[in-house]
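Same chain, two partners: chain A is paired with chain B first, then with chain C.
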Partner chain A sequence: MPGALAAIADPAVRAAYREWLLRIADDELVIGHRHSEWTGFGPDIESDVAMSSIAQEELGHGRAWYEQIAADDGGDADRLAFGRAPDEYRHAALLEQENGGWEYSMIRLMLYEAFEIGRLRLVAASGHEPVAGLAQTLSREERYHGLFADTWLTRLAGAAPGGPERIQAALDRAWPDALGLFESTAADEVLQRAGVLQSSPSAEREAWVATVRPVLERYGLAVPSGAGAREGGRRGVHTAAFEPLLAQLTEVWKSDPEARW
Partner chain B sequence: MARPRGRRRRVIPPADRAVTPPGERSDPAPGGPRRGADAPRREPVGEGGWQRTLGAAPDVWAVFVQGRHRDAHVYAGDVHAPDAEMALVLAKENYTRRDPCVNLWVVRADQIHATTRPAAEMFVPATDKSYRFGGSYRQQRRVLQGSYKASYRDEDQ
Partner chain C sequence: MVTSAPTTLDTAIWDVLRSVEDPELPISIVDLGLVRDVQVQDGRVAVRLIPTWVACPALAVIRARVRSALLALGGVQDATVEYTYDAPWTVDRLSERGRAQLASHGLSVPRCRFAEPPVCPYCGSRDVVQESMFGPTLCRATYLCRSCRNPFERFKPPA
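Let's look at the complex of A and B:
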């Protein structure tokens, strides 16, 4: 089945859309891997199973997006996921950071899911099939991911002693990286001009802040002010956390890239 | 996915959360086994009595899964959770990942009243009660299945 890119005649727009879809796929792959690191280490067996399931779903979403891109490249999704140099990945810094404590993973999950639901809405509204339909389908699972994070954070916020302080520290750590989710490149402008995207990264960021602020305040947290966005991820510039992650993530595939699994 | 390395990470437990040893989580009966930290608060009503509560720890929730609309909710297992909302959130990923589910119930296991094992005798019929089975009435079966299929179709739309 041809992906969504084949229907776009203008090569500049097609290249921009490929870039944009790659961001989604890379975000999901990298966060899925980080979530999976909780397997066997969750705070209780039930949350361990739930987090592992969330990790599988994010990896599954990543795979679905890679397949869309690969359909037009004539390549395969595995090569796209595992066979690139670090600076060819387009995920934001937020997703590659090490987990640290459970409270950081929950804050990151909450901030990312709020972003992801907005982004999927944008793709669904683009009208480009089959990705518009795919975005709608995947949203169903993202809803639970957000609910899981919210349920945990609500309880961590009420945990004494030290709970609120720890999630505030986690939020302070995550916030500049989270703003980096909205880093824009030339691709964003091209896609807006072509009418593929109905919104700009800055408008999306504003809508996201309006969504997460009241939630964070309900947890009793202060939204960090004055902290700028940590950008670079969307251009392939990553933090020191990424290369070790990629090495571990691609270890098996790289042992024999031609193998058929 | 590779296994993470290093020591088990420290996390903040939710307030008042009872810590239950992992080994005590595999009992198929609601409320899990009753040893150590999970010891019963209320003893069975009398020795050889016919009913009792399950004596589960207060953070144990029994999970009931409904596979399709109009199916009965079926007991699937337990989760440990500080409250009902968390119990539902955890039950979703622990008991509905594979089989279909349209609805979940959670109930505190220590609120479940049960008959005792020795009382099982009172369920065993003493005389032939085959007249209570409608299975041989072919017409009845046809009508029941027909209406079931019709209602199922309705829900699919």
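Let's look at the complex of A and C:
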């Protein structure tokens, strides 16, 4: 079955659309790997299972996006996921950072899920099937992730003394990277001009801040002011955290890329 | 959709689909509502399935089971099985028989939405607490009944 790209006549738009889908797939793959590092280390058994399930879902969503891209490339989804050089990945820095404490993982989960809901809405509105249908399907699954983060952050916010300070420090650490989710490249302009993308990264970022700010304030947190976005991820420039992550994530696949699983 | 009268092969194909069980739930994929449509042309069968959860690890197993069951059927030359996203799976795709089978397996199933008040599948009480939204599989949440003191699982459709 051909993917969404085959129906796009203009090669520049097609390349930009592929770039957009690749960002989504890479974001999901990388955050799925980071979440999976909590397996066996969660603060209680239910949270351990929950975080493992969320990891499984994000990796599965990544797979679904890679399959869409691979259908048009005529390639293989596994090779796309595991067989690229580090600078060919398009995820944002937020997703590759090490977990550190549970509070950081919950803050990151909350910030990323709010972003995901907005992005999936844009893909669903892009007018290209089957990815529009996939985006709609996935947004129903992502909601549970946001609920899980909210339950934990509410609990941590009330865990005085120490809880509020720790989640504030986690937010301060995550914020510039979270703003980097909205890094814009030439691909965004191409898609906007073509009417595929109904919004700009800067407008999306504003809408996202308006969504997360009241939630963060409800936890008693202050949104960091004056901190700029850490960008580069959407152009393949990653932080020091990425190469070790990629080496671990691809170790088994690279041991025999031709193996049939 | 093909609207002409079903042929013997069509009937045989649906019988085969009804014989394929979900690896994580003790019901047929037809009762679970996974079958979107079936097209048959000159012995070539194309089945489209709807995933309950996109990341469900059972998807590949189901696809392989459906394909090999179809290929074993006389009159089938080739079979393709694909997942489609054009209509998301919803809990109303479950058949009445599927619901009854899940209930007898001790699984509570919401009527339409996960947000409905949960009911204990053992004693029918609504005095229950959610233990976790994430149970042993992606499609199940865990609860405790305060009336009969039994832990139970509830089917969790995508929100």
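Methods note: the second predicted complex is superposed on the first by the 261 of 261 C-alpha atoms of A that agree within 3 Å, B and C clash if a C-alpha of one lies under 4 Å from a C-alpha of the other, contacts with A are read in each partner's own complex, and residues count from 1 in each chain.
In this text, contacts are C-beta pairs under 8 Å (C-beta built on N, C-alpha and C of every residue); 3 or more make two chains touch, one makes a residue touch a chain.
Here the structure is a predicted model, which is why all the values come from computation and not from measurement.
One of chain B and chain C touches more residues of chain A, and that partner is B. In the superposed model, A:R63 makes contact with chain C only, not with chain B. By the document's definition of touching, of the two partners only chain B reaches A:G101; chain C does not. In the superposition on chain A, A:P176 makes contact with neither chain B nor chain C. In the superposed model, A:E46 lies in contact with both chain B and chain C. Of the two partner chains placed by the overlay, only chain B lies in contact with A:G158; chain C stays clear of it. Contacts of A:P224 after superposition: neither chain B nor chain C is touched. Once the two complexes are overlaid on the shared chain, A:G232 sits clear of chain B and of chain C alike. In the superposition on chain A, contact is made by A:Q248 with chain B only, not with chain C. Once the two complexes are overlaid on the shared chain, A:L147 sits against chain B and chain C alike. Judged by the document's definition of touching, chain A residues 46, 49-50, 53-54, 144, 147-148 lie at the interface with chain B and also at the interface with chain C.
The touching residues of chain A, counted against chain C in their complex, run 1, 46, 49-50, 52-54, 56-61, 63-64, 129-130, 133-134, 136-138, 140-141, 143-144, 147-148.
Note for the complex: chain C touches chain A at residues 51, 53-57, 82, 84-89, 131-136, 138, 142, 156, 158-159. On chain A, the positions that touch chain B within their shared complex are 33, 36-41, 43-47, 49-50, 53-55, 99-103, 144, 147-148, 151, 155-156, 158-160, 162-163, 166, 248-249, 251. Here chain B touches chain A in the complex through residues 1-4, 8-15, 22, 25, 79-82, 85-86, 89-90, 92-94, 97, going by the rule given at the top.
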